[in-house]
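Letters A, B, C, D and E mark the chains in the order given here, with residues in each chain numbered from 1 onward.
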């Protein structure tokens, strides 16, 4: 049984429909890459999964629960850990406070996160609002890990990170994958995604247009749907 | 050698014990793209904020077009010809894309205190604004509220607003961020043409773009410039590889 | 003018400040930490006073009344949070202003409907009535000393709650991004109800304690509300420490201004006129203080944000 | 006769307006008259609303008589305009000095007192009681200043201190400390409404034992209920008291208690007298004949609950003003008349009035 | 015509109709109420420029409303008593001519707003709300305790001030004057909103940093908006003094500031005719509910609550749909 299952999901922002039929399945321990050009609905899909947006058609299931009636915090407690687009650290909290605000017990604790991002350890008591862009990105990832999620959702989590750090994050994701952590990932680096993902799902105009293993993502397909 | 447009000399800025900028000197010459790279928290954005006047340096000088900028505030510097894009998109979110760019054209015109004539019917404002939106690939999205644009589209809008200032130099803080592969390619092409209009100081973590675009690269680590040189020189520099590039060189 | 008088006035200023703090503390929680402009905070203060007076009259026990005041105002707070306020967090501050203004009307008239238009009787409890003689020969009302102690205790409790617990962290996180903290698995809605009720309870407590030495009547909350806003703005929004310092500053400025300004003007004007001018200026003094503070520190004394 | 009553029925000051209204209605009821058509509106204690209501009553309802206003500032907003439009105004409470002196008007009758009256009586009483060093205090606004001026008009001894507080102030610790330090032998204060309640309670708690004197406003029935024992023994001046020995008053107190289930207040007595004045004039003249009706009013031929009552040349009362003391009667606090402070007292402004 | 345009036309027509019906049906009070709506609407239109367009929540606009009122009251009272307002350095005589009083009120309020604004605009958010309140309170306490013009008792104007060619004591003519001022005010705020200045002002509300980055001085734009806003509200204050033939410190009180804000929100923040709709509804409720019950203010409260909770964007939001840009 799939850990996460979306079928025929449609959703709208006010009057403007943004999703027109998203299908996506993700199994325990699997890494799925969600792809598409700008504005195609990747983030919107993730917002539906996390209940930050109500879908109006189709089904969204996680760990056997229908998510439709759940408020965001209940869905999150089922084991969703979100690194949102645009970081969204809590600016009026310090680094440590950001990390522990929503922490739940598990292998990821303060020490583990600070080992992953030593830079955060250096800036512990600093207000998140004054962190550099990349530091905030690290903080957002660390914050999601601290909830020890069953499914980690990364929406452009490497945006604005230096190459060395990016490499470290990819390494960390590979490690997580090896530990059979389920991950849903949106990223612009196709090279890394191909190497890492078990499956890719491509969105176009708010609908799933292709899905399959990275190996099957031919240059022709990539060019047609992703513009590369 | 081409004329120097922007010149930083011995710029320093501390936050408490942290020396975010530590004696930085750097030049930007006509017609070039000068990339500024470095680890997260190295002080790149802080440097840009000092150039735009958002924060004041503790010491050092900034000269732009032969003129000392000390004492000029943010709007004055913008009008003097320094256009900036923000690392995190910063637009008027209730306005449409078009209104945002019109605002920038208006700022560049310097004639803000017009009280009676409708701005959005003024072709001197709207005409150029549409053109700038077209250049960044947002034609057809003019009437969408900025808040309703996708992340990548907002990044483009950010750049359109910088274009609208018709600046004498661009300070671009991570314009590729959030662009996606296709967008990054388009943006690269756009910037390559743009540098003929005005030189660009480019802060960016997307190394493909940096290596494709930069005429010169400076590497900032812990607030200091550790190397400046051509793409080839920087790629070959072991210190830079270790501090920043990793395997991506 | 004797030294004893001056010391006593300073003490009075402190006590007035602490009294303001009791009110401002709840407001800082709700407004500073949750980011909600709650004009109806004054109504909760009034509800506390009325509940205390009614229960104390019925049972003869001030302490039961005090407990009732906290319970009643916290319940009222929880009720309006769930029914009204909850829908307003994502709204503009302006919608909050209108809604809570409407709540003032409802609460004031509701209270008048229940208790009538005449002020109620509420006196300090037996054990705390009368004056004690402090070292230095100052006779000082015991009840006012009790207020000082209670205020400081509340301050300490709040420091701990906001600064030292995860609850405080979460509330502050909710202030900057409710959606995000919910997406991380925190039931921010319930948390806010609790915090709002807590703030309301504090307002009710303040109302009851103050009601025992002032008058318990409809409309008693609004003047205090304005003062409490002044206090937290001077202190810096969202900071319990700021609220405490702001409250003491306002209390001292007001008390000493009322006392000293007429004396000062007496040096240059005939007594009757000096009184008039001096006290006119004294009534503007705290607003002057606030304006001056904000002109030099636009974020308030303890405000973090620039 | 069509009567418009504009008074405060909502918000914090509603108690006074309600008492005036109830007193007025009671008088009509006791008279059993059907000739008075009454329109009552709530001014919310806002001058602009009061003016607009007055306009409405004069222009749309076409009232002959206006009454009801509690507060001086509202009276100042309404009365000058109203009387110039030819309606009669009978004031059941406020008596600002402008309307008694230069600004007096033939159509304006005050059935309560000129604002200074009770304070003047307090001054007279302080003299009589032999106080020599009095501390005086009032809020910093015109009525407050008038109060202290009125007190000083009859008290000519030394002042231990003179203090203006902020209008609406509710914490008096600073003032009480000054009183304690002043060495006064008595304190006169004028603090209407909630201010007075707060002051009295805090004064009692402070342990300062200097005797207090004040006008009746702070010792009214409803206020005493809120102040409690802190008010016991305080002397206050009033033109009326529940225990005044006259038939009209006995009937009034009993009827009021029966009708509303509470003891009448000063304001209720004034509302009651206002209605009776009106009825007495109606019995003598038609309201259409303004001059005759005015003369009838001027006669003041009614049995006032305060005993002797007649109008001065400026249409303000000439009456006795009593000193009362707060006593406990069963389990309620109330006032007993102790002595008369001023007999057949008019006001200081009548001479300025040219009518 | 857009939906909002139609709604606006209906509001205007309704206001005029009420006044005319009042005059024709011998209910002069209706004319007074219509004039009150027009005046409060104008005050709201002024406030709306700062609050709606500029996002500057001034909790101190009563200061300008009252100042305008006092300018009218003081000039008129001096004229009534034939005493000059000042003899030094130049003689300033009192006047009862609205055509002199209005510019004086506009100028006084603009000047006061320039000073208050220059100091207040250093702050933002709640701090701005409170510092504007502080200035208004200072003025309020000053007016209460300053004996020259009546203090708390206020200052009567026995006859309405004069306007050439009109009999201002005639309710309908006075209403027409107020309506004309209102229409002018709305017209001005309409042109203002769509102008270059308006664009910069609205942008500064949403993202001041961005506005500075395109070379526009946010402070100046805001200060100009604050001054214009205060002047219009001050003009309304002068008219209000004439409507009541009375000014008092109550006009300066924080409750007045609050009510001005309330009627702007009630009608629809940032909408041209919002304040007028809000003023209409508010005055209607204030005078109609009073007859329903002694506790009518509770009903008013409940109705206001209903509007906030269920009619986002106020009355105009309800009638004409969400606010559109561009």
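Structural remarks
Everything that follows uses one rule, which is that contacts are C-beta pairs under 8 Å (C-beta built on N, C-alpha and C of every residue); 3 or more make two chains touch, one makes a residue touch a chain.
Predicted model only: the values in this text are computed from it and were never measured.
Of all chains in the assembly, those touching chain B and also chain D are E.
Among the remaining chains, those touching chain A and also chain D are C. Ranking every chain by how far its Cα centroid lies from the centroid of chain B, the top place goes to D.
With centres taken as mean Cα positions, chain C sits 44 Å from chain A.
Separating the centre of chain C from that of chain D, both taken as means of CA atoms, is a distance of 34 Å. Averaging C-alpha coordinates per chain places the centre of chain B 48 Å away from that of chain C.
Each chain gets one centre point, the mean of its Cα atoms, and the points for chain D and chain E are 36 Å apart.
Shown for chain B are the residues that touch two or more other chains, of which there are none. For chain E, the set of residues that touch two or more other chains comprises 141, 144-145, 147, 295-297.
Each chain pair that touches appears in this list: A-B, A-C, B-E, C-D, C-E, D-E. Contacts from chain D toward chain C in the complex involve residues 10-15, 18, 140, 145, 162-168, 170-171, 173-175, 177-178, 180-181, 193-194, 197-198, 201-202, 205-208, 222-223, 225-230. Against chain D, the residues of chain E that register as touching in their complex are 27-30, 32-33, 36, 141, 144-145, 147, 150-154, 156, 158, 171, 240, 244-246, 248, 250-251, 286, 290, 294-297. Put simply, chain A touches chain C in their complex at residues 50-52, 71-73, 76-77, 80-82, 84, 88, 90-93, 97-98, 100-102, 104, 127, 143-144, 147. By the touch rule above, chain E contacts chain C in their complex via residues 51, 57, 119-120, 122-124, 126-127, 130-131, 133-135, 137-138, 141-142, 144-147, 254, 258, 261-262, 265-266, 269, 295-298, 300-305, 307-309, 312. Chain D makes touch with chain E in their complex at residues 9-11, 41-42, 44, 46-49, 51-52, 55-56, 59-60, 72-73, 76-77, 80-81, 84, 96, 98, 140-143, 145, 164, 166-167.
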